[in-house]
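Across the two complexes that follow, chain A remains constant while its partner is chain B and subsequently chain C.
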Partner chain A sequence: MSDAIVIRNLVKTFDGFRALDGVNLTVPSGSVYGLVGTNGAGKSSCIRCLAGIYRQDGGDILVDGQPVFENPAVKARIAYIPDDIFFYSQAGINDMVKVFRDVYPSFRMDRFTELGKIFNLDPKQPLRKFSKGMQKQAAFWLALSVMPDVLLLDEPMDGLDPLMRRKTWSVLLGEVAERELTVLVSSHNLRELEDVCDHVGILDHGKMLLQRSLSDLQENMVKIQAVLPEGTDLPDGLHVLHRSATGRLQQLILRGRAEDVERQIAACNPVYMDVLPLTLEEIFIYELGGADYEVQNILLS
Partner chain B sequence: MKFKTSFFHKGLALNLLRRCWPVWLAYLALMIFEFPMNIYGNMQSWRGPLPDLADMLANNILQSACSAAEISFFACIVVVMAVFGYLYNMRTCGMINAFPVRRETVFCTFALTGLVPMLLADCLAALLTVVLIGNAAPAGTVAQWLSMAVMSNVAFYGFGVFCAMLTGSLFILPLVYLVLNFTAVVVEECLHALLDVFLYGYARPKGTISWLSPGNAVFRDIHVRYVYDRARIGVAYSIENASALVTYCVFGVVFLLLALLLYRKRRMEAAGDTVAIPVLKPVFKYCMAFGTALVLAGFVTSGQSLHSRTAALLACAMLLLGAFIGYFTAEMLMQKTVHVFTSRWKGLIITWAILLVFSAFCEADLIGYEKRLPSAEEVESVTVGAYGMSELHEAQNIADAVAIHGDIIAHKDEQEKKLDSSYATTINYEYHLKNGRTLRRTYRLASGEEERQEKGDLWQMQELLNRPEAILDRVREENGGLTPESIDRASVYTRVYDERTRYETEKDLVLTAEQARDLYLNGILPDMEEGRIGRMKFFEKDDRLSDTSISLELSAAEENFLGGGTSPIPARRFYSSYFSVDLDSVHTIAWLKENAELDVMPYTRPSYEDDTVISAPVYTGVG
Partner chain C sequence: MISINYRDGRPIYEQVRDGFRQLIITGVLPAGSRMPSVREMASSLTINPNTIQRAYRELEAEGYTVSVPGKGSFVTDRLDAVLARREALLTDFRSLVGELKQVGAEEADLTRVIQEEYNT
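On to the complex of A and B.
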């Protein structure tokens, strides 16, 4: 799998303040990358640099190996939905379609019509009369009609109701599966990205703290609930990241492959043993050592 | 996907037109109302002789051209705000810049889409005028209107777009545009006012930088000039300083190119910032500080009779106050908060220090400006005077002028003291030195009765200016080279007041051209050559010695006329030359007695407080 987006040592300053301080980020083609961070961590700045809006002060931003800034050929393949969407004050969706058709050569009317069935908005009504959630839907409708190869989403689900969130993600993931759309999505909430991302990066104070593929993380960590026979302790050689107990029921988070860990504990003849799913939060907390207060803040916010 | 490099994006242009069309429509409506409708209305309501219609239309069209330039000043910034308004909002800015279009293309598309409809509106208004008035107006005037409208649009639009690149705030943009359009002329005026306070004898330099203020040029310098003949021989119209618009138009294009360069480098995150270019932030802050200081000090001291140390202290205080206001206003605008007084005083203290050093430097006259006095040997000629200037070449006169100047410098403190309780007369010196340089000074001298009795500096100056060389040169200068041939006629006014009956009789004699020339050659000219008429009088008691005055009415072929006029007949200029007859104007008095049986009487002042004076004007002719 090739890398759709590569960011190397990205630096962006605002009046001397380094909002992005040497950020490195890699997003494979056809993946959904979640960029997580607290408010002010630099997520939006990073995405605006990636969309070619901001000129970076240092580093490289490449999409399919090509620099983005002032490169219309590359930008034509990128669609960007900002946190704070703008539409011309008098415009309806149909008016915005004219703008997008004029500007994006890849805009497809048939796809627009097709997506209209999902989003179910009145294309003639002025967008200013839409609720925030409806405007977000309109933005998705237009962006996906551009048939982008890379979709940049800045806090995309704010304002959408749960049903529409699910619908929208379903369409997006369909595009990812069908035509290898690469999605970079920012959020301040890791839980929101849990079910959709296959790569996650944590940005804090303009620096990338960590980025991992979820499969890598999940393969190497396991959560087990077990009741061991009285007087028996865990076998030696297990790398315990976290251990808590309620009565005799122990909850363990261990590093290692699930089958190996299960086998080792089974050797103790536990009274009860079950493997539980790990949340993304837990993975990151224990991956980062669990001691970093700042990171926990990011993850639990 | 292949992208060609293009400087125009049709889609963006159409989108802009779709959104902002009311702005251009309003401009078109304004142009049509101001030009074709206005001209056509005037033509329809014309009731004068038909041959004069062309002159009237020519005048109206050129007046309208000047108005078009003034409208353009406002219209252009409105269009710029509509077209480049997206730069000032992060949401719109983000959308436009996320589009797969190069910045050059975006800029050129928006800049052209903003300007071209305005130019088309100009063309449409001109075309409509031609359709409505046909060939009633002199050929070329409509083209002149069109060229002025187009040039002013290019000039102000280009400058407006340049201003748009300097700021990130839609609210600040028109202020920047307005201020920069008048900066040069305001700074120049305030600087002169300030130096006038600090430097005794300060004279404004002849050169001016006011041409750097296009707004000032359009509203003050560019206007219709016309010369008319009383006999209705013909009228010529042209636009004064129209060539300045060509220069501004060229600068407008240059500013557009500069704006393109700035746009390419623009940090889009500056949307909302007062100053969009980081390196200009300190420039803005200190320009605000020094500019406000200068304007406040200049405004407070301008036109006031302040020549004392108190005035200098007041100016200094205003400079410091102005710097404080300007500096922290700039900080507030840039920081977007009023809480700016807790820190950042260092820059203000440096500004204050510079202003104090400047004030002390000027007040102490460290460059020797106030004391600079040429020796008579250095001087080729000196032009000196008050409301009328005389150029003196005679060695004695030059030596005396230099000596009086030396006295004026020496009496600086006394003069400043006297000015607090006396009227003042402004005396100008301009030395033309033998080394080719010029030295100019201006003094305000007390002109009260005390000065007259003491035979002080102003009295000495009056004596110098009433010498024959000074009178002849002044009269020639004031009357555009008065010659006997230029005299068309004359009128002699006299007033006789009977103390006993309190009855006042006025006489107004009208002389023919021949009589007027005779009076000039045999009365006025010999008196001038002897210093007996055409005197300069600075003191009230010397003002009127008789109740008789002569007005010579002159005409001359108009010279230096700037072309573009509408009349095929060479224009002539008409003016009057006024002489007050003094009791020792012996040649003039004799001529009037002999040829008009008129006695020149001493000036008498009727007592208006006691009773009403009965006046009875009598108009007569001679011969």
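On to the complex of A and C.
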């Protein structure tokens, strides 16, 4: 799998404030990457640099191996739905279609018509009469008709009702499966992204704290409850991340594959042993070594 | 036909895998039937296609399905898979019986449960 997006050592300052302080980020093509962070962590700045709206102060931003800033050929393959959507003041969706067709050579009318069945908005109505959620839907309708290779979404599901959220993800994930669309989506809530993403990056104070594929994360940590025979301790060679006990019952968070860890502990004949599932939030907290309050805040909100 | 439960602690791919395993073992998806495409499953469950792919890979590795390039995945006649699953469940059953014995369950209690299950 090649990488659709590569960001190396990205720096962006505003009036001397380093909003992005050496961010590294890699998104394999055909994957859905969740960019998570608290307010002010740098998510939107990072996405605006990726969309070619901000010029970075340092570092590389490559989409399909090409720099993005002032590169129309690459930008024609990227669709972007910002947090604050812009439409021309009197425009309806039909007018915006004209704008989009000028900007994006790959805009497909047949796709636009097809998606109309899902979004169900009146394309002649002026967009300013729409509610916030309806404007967001309109933005999705237009962006998906572009048939982009890369889709950048900044807090995309804000303002959408649960049914429309589900419908929108359903269309997006269909395109990911069918034609390897790459999606980068930001959110302040990890749980919202858990089921749709395959990669997650956590941004904190302009730095990437951690980025991983979800399957790696889930396969490399185990939670075990066990009662060991009197006088025995855990076998050597286990990588224990966290250990607590209630009476004789020990609760352990260990690094490693479930089968391996289970076998090692079984070797010391535990009186009782049970492997418990770990939630994604728990994995991140232990992965980050019980990081500071702000990070816990993103994970548990 | 498969549903994802977010309260369930199992990772989503395991839920998908176990769901299909159940459908195949019970014959809801008979031998020779085509598995839904990754795209269909991703769209209908709104979960990541790579997650579905992973569940499908495991089902294939366990012998429940075979993939035919360009045509999709198909349910096998699954004899080996069912036998392997039976072995695994028997092992679980044995440890469960051991635990029941420790907490003082009588042999008669267990045989009664077994008979009830077999006669329904």
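Operating definition for what follows: the second predicted complex is superposed on the first by the 247 of 301 C-alpha atoms of A that agree within 3 Å, B and C clash if a C-alpha of one lies under 4 Å from a C-alpha of the other, contacts with A are read in each partner's own complex, and residues count from 1 in each chain.
Basically, a residue touches a chain if its C-beta (ideal position, glycine included) is under 8 Å from a C-beta of that chain, and two chains touch if they have at least 3 such contacts.
What you see is a predicted model, and the numbers here were worked out from it, not measured in a lab.
**Student:** Given the alignment on chain A, is it a clash or a fit between chain B and chain C?
**Tutor:** Overlaying the two complexes on chain A (C-alpha atoms) leaves chain C and chain B fitting together cleanly.
**Student:** Name the contact category of A:48: first (chain B only), second (chain C only), both, or neither.
**Tutor:** first
**Student:** Look at A:243 in the shared chain and tell me whether it touches chain B only, chain C only, both, or neither; answer first, second, both or neither.
**Tutor:** neither
**Student:** Examine A:279 and indicate which partner it touches, taking first as chain B and second as chain C; both and neither are also allowed.
**Tutor:** Second partner only.
**Student:** Let me test your reading of the model: by the given contact rule, A:128 touches which partner, first (chain B), second (chain C), both or neither?
**Tutor:** neither
**Student:** Just chain B (first), just chain C (second), both, or neither: which does A:215 touch?
**Tutor:** second
**Student:** Between chain B and chain C, which one contacts more residues of chain A in the superposed model?
**Tutor:** B
**Student:** After superposition on the shared chain, which partner residues are touched by A:195: those of chain B (first), chain C (second), both, or neither?
**Tutor:** A:195: touches chain C, not chain B.
**Student:** Give one of first, second, both or neither to describe whether A:170 is in contact with chain B, with chain C, with both, or with none.
**Tutor:** second
**Student:** Considering only C-alpha atoms, give the closest distance between chain B and chain C in the superposition, rounded to the nearest Å.
**Tutor:** 27
**Student:** For a test of understanding, state which residues of chain A touch chain C in their complex under the given definition.
**Tutor:** So the residues of chain A in touch with chain C come to 31-32, 166, 169-171, 173-174, 176-178, 194-198, 214-215, 218, 276-279.
**Student:** Would you pull the chain A residues touching chain B in the complex into a rising list?
**Tutor:** 14-15, 48, 51-55, 70, 72-78, 80, 82, 84-86, 88, 90, 95, 98-99, 101-106
**Student:** Would you pull the chain B residues touching chain A in the complex into a rising list?
**Tutor:** Touching chain A from chain B are residues 1-3, 9-12, 14-15, 18-19, 89-95, 97-103, 267-269, 278.
**Student:** In their complex, what parts of chain C are in touch with chain A?
**Tutor:** 4, 6, 8-13, 37-39, 42-44, 46-52, 54
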